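In the two complexes below, chain A is the common chain; its partner is chain B in one and chain C in the other.
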Partner chain A sequence: MLKAKTLENGLTIIAVNEPRLVAANAPKLREDLAGIIDAGNNRLILDLSGVDFVDSSGLGAIVGALKRISVRGDLVVCGLGQSPAQLFRLTRMDKVFRIFGAAEDAVAALS
Partner chain B sequence: MISAEFFWQMALSASQCPRPEFAVEVLDRRFGQLSFEDSYFAMFLALVDHHRHELVYCQAGAPRPVLVTADGTANTVGDGGYPVGLMAAAVFDRVTMHFSPGDRLVVCSDGVLDAVGPGGTALGENGFQELARDTASLPADRQVAEIERRLRDWAPTPDFADDVSIIVLQRGDHAEGQNA
Partner chain C sequence: MLRLEIPADLKSTDAAAAEIRRLAERLLPPEKATCVEIAVSEALSNIVRHAFNGTSDQTIVLLARPGAEGLGITLTDCGAPLPPRLLENVPPPDDADGELAEDGRGLSLIYQCSDEVQFRHAAGVNYLLLRFRGEKG
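Moving on to the complex of A and B:
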């Protein structure tokens, strides 16, 4: 479900290959993100450009990853489609996460 | 368990002023201590002040409700807000809006907006706003059932993926009484 690539500058881009992040796959998303973080990657760019829809469970898994990184690093989000962006605004997560248009924008800002 | 007494104590100040954001904050702090992993919940807590013709609410991660005024105009209200128990030290807002006799507020859970219809499209905020507007000529107690019926007719499968909750709150004509 996740494809992670770590750049030379230490940034890790995580592409999500699921069109819907919902209750059925949120536990797997949580587990996989935790695995990436626990492997020592703590400057993460979560690319949601392949995701059309996120429900409250999917959002919980993403926020869980941010909490897991805590002060050790950062997790930013990019590629939010219309529906996921609406959920981020509704729940004020657009104030919690730094959000970028494309992964390249996030890389440029964090490098 | 959260009792009605709890809400009255928390959602009204000592001088009987509505403060729904305080009740939500108390729940947020309690739930944040109890919850494990990333569990949280959304809520929309509102109080009606009959004397001031106002509805005072706190929107905490819940979808934006639809205000249908007595003349049939329907608009979504609210700017969003943090869910309960998700972020440490979240700040919750209190919003006051005019709520006249005959106005009604149609509130739903995210399972309503996320219900998927023909072609795989979700109902969404606009779809719910239309449903609330188009059924507003019914008595408030029948409007809920009618929205549910239309939702089930529209969705190709009889079961919803998420829980579906709908509340219709209609302001009566009387100006007496306490907050309700």
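Moving on to the complex of A and C:
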């Protein structure tokens, strides 16, 4: 579901290889994100460019990862398509997460 | 009119929400079609988790009726009824037990994304009507 790549500057880009982050796979998303964080990665860029749809359960898993990192690091989001971006706006998560257009933009901002 | 008989499990309900999205895209602007998909997805997940307690060999019947004013969707199931108090004070989705809540936004999103929501329970059957107004420009 997730493919993580850690750069030399310590940033980890997490690509999501699921077109839908929903109630059916949110537990797996939550578990995989927790595994990446617990392995010591705490400056994360979550690349959702391959995701077409997110529901409240998928969003909850992403919020859970943000809370798990807490003050130890950062979790930003990039690559939001029309539908996921709309969910972030509806829930005001666009005010909670820093959101970038592409992964390169997030890397440049966080480096 | 589109009629789907959906097995009451989360994978099947997700596939149904995606199918309704494809129908909505033909009738409504993209942002409204997203509203339809979000509301239907959240409603179906709620039915699986709460009416059927997460698992069931029963089905949910979805009727989608395109009309002159938009799209009407009715979900019917024979699971446990929604507690009435849940519908009395639905918070906005950004205030579902605090902005960093990990769950509890589903019902709020259904109301925010739909132009009309009606729920009734009669003779052991739950009926949820969602209406979405608009037309593709």
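Note that in this section the second predicted complex is superposed on the first by the 111 of 111 C-alpha atoms of A that agree within 3 Å, B and C clash if a C-alpha of one lies under 4 Å from a C-alpha of the other, contacts with A are read in each partner's own complex, and residues count from 1 in each chain.
Operating definition for what follows: a contact is a pair of C-beta atoms (placed from the backbone, for glycine too) under 8 Å apart; a residue touches a chain by one contact, two chains touch by 3 or more.
The model shown is predicted, which means the values in this text are computed figures rather than measured ones.
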Inset, instruction - Would you mind checking whether chain B and chain C clash or fit side by side on chain A after the superposition? - result: clash
Inset, instruction - Considering only touches as defined above, state whether A:83 meets chain B (first), chain C (second), both or neither. - result: both
Legend entry - First, second, both or neither for A:9, with chain B first and chain C second: neither
Legend entry - Residue contacts on chain A - larger count, chain B or chain C: C
Inset, instruction - Determine, under the contact definition given at the top, whether A:22 touches first (chain B), second (chain C), both, or neither. - result: both
Inset, instruction - May I ask you to decide whether A:96 touches chain B, chain C, both, or neither, giving the answer as first, second, both or neither? - result: both
Inset, instruction - Once the two structures are superposed, pull the chain A residues common to the chain B and chain C interfaces. - result: 22-23, 53, 55-56, 60-61, 63-64, 67, 83, 86, 90-92, 96
Inset, instruction - Would you pull the chain C residues touching chain A in the complex into a rising list? - result: 10-11, 13-14, 17-18, 21, 30-31, 34-35, 37-38, 41-42, 45, 48-49, 93-94, 99-103, 105-106, 109, 112-113
Inset, instruction - Flag every residue of chain B that touches chain A in the complex, lowest number first. - result: 37-40, 42, 61, 63-64, 80-83, 86-87, 90, 110, 114, 122, 124-125, 161-162
Inset, instruction - Report the residues of chain A in contact with chain B in the complex, numbered from low to high. - result: 22-23, 30, 53, 55-56, 60-61, 63-64, 67, 83, 86, 89-92, 96
Legend entry - chain C contact footprint on chain A (complex, rising order): 20, 22-24, 53, 55-57, 59-61, 63-64, 66-67, 82-83, 86-87, 90-93, 95-96
